[in-house]
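We just call them A, B, C and D in the order they show up, numbering each chain from 1.
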Amino acid sequence: MRKGLFSGIFLGLVLLAGPVAADDPGVIRLGAAVSLTGKYSSNGAFTRKGYDLAVEKINEAGGVTVAGKPYLLQIIYYDDESTPARGAQLVERLIQQDKVQFVLGPYSSGLTEAIAPVTEKYGVPMVEANGAAISLFRKNYRYLFAVLSTTDEYLRGAIDIAARLSADPSKLRVAMAFENDPFSQDVREGVLADMKRHGMKAVVDDKLPPELNDMSATLSKVKALRPDLLLISGHDKGASLAIRQMADQRVNVPMLALTHCDSARIAENFGPAAEYALCAAQWASTLTYEDDLFGSASDYARLYEETYGEVAPYQAAESSAAVQVYADAFARAKSLDPEDVRQALTETAMMTFYGRIEFDETGKNVAKPMVLFQVQDGNYVVVYPEAFAEAKIRWPTPPWGER
Amino acid sequence: MLDNLLLFVQFPPLAVDVVVNGLLIGAIFALAAYGMALVWGVLNIVNVVQGELVVLGGYVTFLLVQWGMPPLIGVPVSALVMFGVGWVLYRAIVFRVVDRDIFISILATFGLAILIQQLANLSFGADVRSVDAGLGPLHFLDGMVTVAWVKLIAFVLALVAGASLWFFLRHARLGQAIRATAQNPRAARILGIDTGRVYAATYALNAALCGAAGSLAVMAWTIHPYMGLPYTVRSFMVVVVAGVGNVGAVVAAGLGLGALENVAGFVLGTEFQIAFVFALMVTILVWRHLRAARRREHLK
Amino acid sequence: MSVMLEVREVTKRFGGVVANDRISLTVTQGEIAGLIGPNGSGKTTLFGCITGTLPVDGGEVYFEGQPISHLRAGPIARLGLLRTWQQTRIYGEMTCAENMAISAREAHGGLISLLKPVPAATRIRASDLLAFVGLHEKRDERGGRLSFGQQKLLEFAMALMNEPKLLLLDEPTAGINPTLINGLIDRLRRANAELGVTLLVIEHNMRVIMNLAHRITCLAHGEVLAEGTPDEIRDDARVLDAYLGVA
Amino acid sequence: MTKLSDWHIMGVLAIAGLGLPFLAPGLITQLSFLWLMVIFALTWDMLGGRMGYNSFGNILFFGIGCYAAAVVQRDAGLPYFEALALGLALGAVLAVAAALLFGAALLGIRGHYFAIGTLGLGITAAEVAAGWDYVGAGSGMALPLFPGALGQREFFFCFSLFAVAIVCFLFLRWLYGTRFGLALNAIRDDQDKADAMGLRTTPIKVFAWCIAAFFLSISGGLAANMIGFIDPRDVAFAGATFGVWMVLMAILGGKGTLWGPVLGAVVFHITQELFWTYLLGWQRVALGLLIVVIVVFFPQGIMGWIAERRAAREGAAS
């Protein structure tokens, strides 16, 4: 009996060694641990769809030519269950067992924080599209490249607009409610720096626990203190809850800015209650960027919608761009050695449907601005920066009684 | 923290607002907690899947509204659908842990909770869902106190449900059978009560209560597949404080918990809101234990 | 001979029911005292009050002159006052030998003493006592698998292992095969005489208690009805009434 | 199981533990996690299996170990290994102190109220850590990078955790052979009886928790460094994952047996890894089902099942 048990365990160990990594010629394998389950699973799914769409498109177009030889791209996925410990473990596994030499990022800053030390240790490049926390880029990681704008820029637009619209920015009073997770707390840090620049004052500064299903205590404070600007960041749930409860509690603020409101689909889900909300976004389908692979931003949006039957959120777009960055780097490196590819990545200077991508020495993309949407008549309309603005910002938000 | 307390002084209506909103949340907790107390008392099971039943109830209402039904219809329909779900769950799995160590039931229902979370994620997606009941809010005190109609309805419904549960247990045939089984299952069996049926009905009734709670939650707040746990732990807490046998105490504890939690979130900062709730629960348990120990007894 | 246990005016209520109403009794060192009374007369409740498992509502219990009614079961046991239960309590998942080993007196000690292995002397004593109650062959059997009567014997042996000064036995012969009862009486006597354990025994079986006890207290309706030698009790009309009247 | 075969199995496992990292370097991280799981299951079983106190809060000590190491390594200004050693020591002291404090308060509570109380303790700890800026609040803490050469890190943590697991196992094996082990069992079987027999149950229970706390905090400090990043709810005080797995592994292997928790940890860990590899996106469904199946159909665990089978065979033979 014990023999049977041990042979069972042995068989398990053999199976554990995993789907054996036979090295097909002509295939470049990328690895990614994304959140298919757990609290980030909706955005994890967007990330995966974005990766898949780009891989499909690149392979359709003949793949990547490296030193004269064509290669197809392939991604090996694991589910990190939205937990950092799992993420780090799975990436280690991708590198060690699946022999993946190029890693695509997970969803969320927290998971990227957990994974970056692993890729760094093995000298494996990671191009990521969903870890925006500025703290990631203060650690001198050499192998980390992010196609997105960092957290400090997320709500900068909203603060700048508020400053511009007011006679005396230093009189502005700001209320903040940020989820207690790495991403949102980093956004908060950026906001505090920007507020300092304008001399603004924080009147509410709450941290929302991730399990919170009610934020009426915070909103009551906001109602009492009547700030000029309310900033909220808490992934999809934070955005949805804020819109829902502000309408229910009739919280009046002249300006409300959020993150993640397009991936939370607030305009679709909450209708009129979502009007006037400003949303920080990495990308919008109305932007005028273009590349050879996907065409324009709106072409990408259309393709995405045809493929997956839903509107393309920026999380998917930036993920697709991450794959494009890899393809570009492979071609320029003329080699599949991780060190050569890393070198090529540092020299990236390309235009994509998602925007311009150039990495600074810390690995973050410095060539693309954040945009701000405003929900206007049920649509997400770009109102900032001016160069891309489709419409003028509607300000101030009228009180609930007049909406 | 002091700033926040000062706010209460500066804006007295604010205190009312915070407490009222807390009471309204508490009503939903109470609704889920009735069910938990019922199952705990009758089946001797700690039902960790409680929160997931609430979330499923929310999804039923969400789907109904997607199909064009008026949201409020969702409350009875969710309750009805969840009654069926509860019955099936009991007949399929839960009956196997009745009469077993209560710890086994905790683990087994925890497994069920993971299962349901995941199936909900696979079938409804992980998006945050909400339903607009289209009722708008009520204002008091110059707009400083706002109460959404739907929360008020939730509150009233929770009280009505409590009262009817009490009445049902006291006077309906099935209710009496449930109480008899709770007190002494063996005697109940001898008296010809089909205890298996009573257990199934109790569990299904619990699921129905959760369904109603979920339906109200999706209108007043939001739901997504992984948000059952807060409802589970708060139901726990309410039952731990109120005991399993007393519907009135469950209402009081539920409302009290909601109000206390909201005030704590306001005063200590929302980041310590949950910590406060659980620290409070541990403190209550320890305090009750010490009180019992002084009297040469122990907490059972 | 000195008074070992003195129960003075002990009162215990359960809600409105008075289970023990100002009960007083004494047990002298070295004797076998009996406690009888019809069902529900408060005998087991009194045991609980004495040994610290029930809170006392009034009165005081002295053990070797020391008041103990505020103490809990553990400290009282460490003073040398032990009880057994009517429904028997043993450690069901442990073997008889283990049951005995952990019942030894040295297990009362602090943590350091617990971190030593069971000494050989204890093993031998445990083995002897198991033999004394006739369970030697069962020493490696799990306690929970013994028959009810065997469990009773094991519990008795465990109590002796603890070297108590005073042992309170709650119906030691209940559930025991009648053919074995005489043997048990003999063992109780030997425990009293050879090991020097003072006994206070609750017993329903009149034949047993009249045979065994030096002195008997009879309770009824939570009060002391009568007290005296077996002969005195046997002849007491009130005792007879109490038993027959209830029946 | 005779003494001899016990040592045989240990020998085989020791050789496997020392050799596998070299034979299958690709599995080294999983192996490290396996040793962690073994520690989890062993320490949980001391309370849940041996003493009958089903704790959902043991994760508290793991988390304390994680944070103590992280804080010392951040602030002490010492070289990596010195800081790590100091962090582990501090973590152990804090964890044992916490076990003393909370043990004295909570271990008098019985049955499911104890389970719920400890659950509350674990969640409170997670939420406090998530709100406390000094330990990074909700952003968690990143641990310093390992100074050694590439690949050394894995070996270091794998062997460290292996060593802790071995020490833990041998210590518990010895402990269960003393009167203390018997006292734990006595408390499990009938605490009132144990009390009434004069056992000092409260110090015994608290001491047992302290032992669990010690090993968990050491493993926490090591695991935090191995993972490289601690998040209050998902890594350090991960009650919904690690906290529950401890229980499941012990039950799966067989509560209250020496080898049960080890076996349970091995089987559970391998199963879990297989789910992750082969059931992308469905692995949590499988995990949920596995939990239900384990506790509903298999509460006696593997060791219990073997014992039953053996008893049945002997019964048939005699």
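The rule we apply is simple: a residue touches a chain if its C-beta (ideal position, glycine included) is under 8 Å from a C-beta of that chain, and two chains touch if they have at least 3 such contacts.
Note that the coordinates shown come from a computational prediction; the quantities given were computed from them, not determined experimentally.
Chemist: Name the most central chain, where centre means the mean of Cα atoms.
Modeler: D
Chemist: Report the chain whose mean Cα position is at the greatest distance from that of chain A.
Modeler: In terms of C-alpha centroids, the chain at the greatest distance from chain A is C.
Chemist: Averaging only over C-alpha atoms, locate the centres of chain A and chain B and give their separation in whole Å.
Modeler: Distance between chain centres: 35 Å.
Chemist: Between chain C and chain D, what is the separation of their C-alpha centroids in Å?
Modeler: Result: the chain centres lie 42 Å from each other.
Chemist: At what distance in angstrom does the C-alpha mean of chain C lie from that of chain A?
Modeler: 73
Chemist: Between chain B and chain D, what distance separates the C-alpha centroids? Give it in angstrom.
Modeler: About 32 Å separates the centre of chain B from that of chain D.
Chemist: Among the residues of chain D, which are close enough to touch at least two other chains?
Modeler: Within chain D, the residues that touch at least two other chains are 127, 130-131, 137-138, 281, 284.
Chemist: Using the touch rule from the top of the page, what residues of chain A touch 2 or more other chains?
Modeler: Expected reply: 37, 180, 207, 209.
Chemist: For chain C, what residues touch not just one other chain but two or more?
Modeler: Correct list: 52-53, 72-73.
Chemist: Please name which positions on chain A make contact with chain D in the complex.
Modeler: For chain A paired with chain D, touching residues are 1-2, 5, 8-9, 12-13, 15-19, 36-37, 77-79, 81-85, 88-90, 92-93, 96-97, 110, 113-114, 117-118, 120-123, 133, 135, 139, 179-182, 184-186, 207, 209-210.
Chemist: Under the stated contact criterion, what part of chain D meets chain B in this complex?
Modeler: Interface residues on the chain D side: 54, 105-106, 108-113, 115-117, 119-121, 123-124, 127-128, 130-131, 137-138, 240, 244, 247-248, 251, 281-282, 284-285, 287-292, 294-297, 299.
Chemist: Per the contact definition, I'd like the list of chain D residues that touch chain C in the complex.
Modeler: 175, 177-180, 182-183, 185-186, 188-190, 192-201, 203-204, 207, 256
Chemist: Report the residues of chain C in contact with chain D in the complex, numbered from low to high.
Modeler: Those residues of chain C that touch chain D are 51-53, 72-74, 77-78, 82-83, 85, 89-94, 98, 101-103, 105-108, 110-111, 113-118, 143, 158, 162.
Chemist: Considering only the defined contacts, which chain B positions touch chain D in the complex?
Modeler: My answer: residues 46, 93, 96-97, 100-104, 106-108, 110-119, 122, 229, 233, 236, 240, 269, 271-272, 274-275, 278-279, 281-282, 285-286, 289-290, 293, 298-300.
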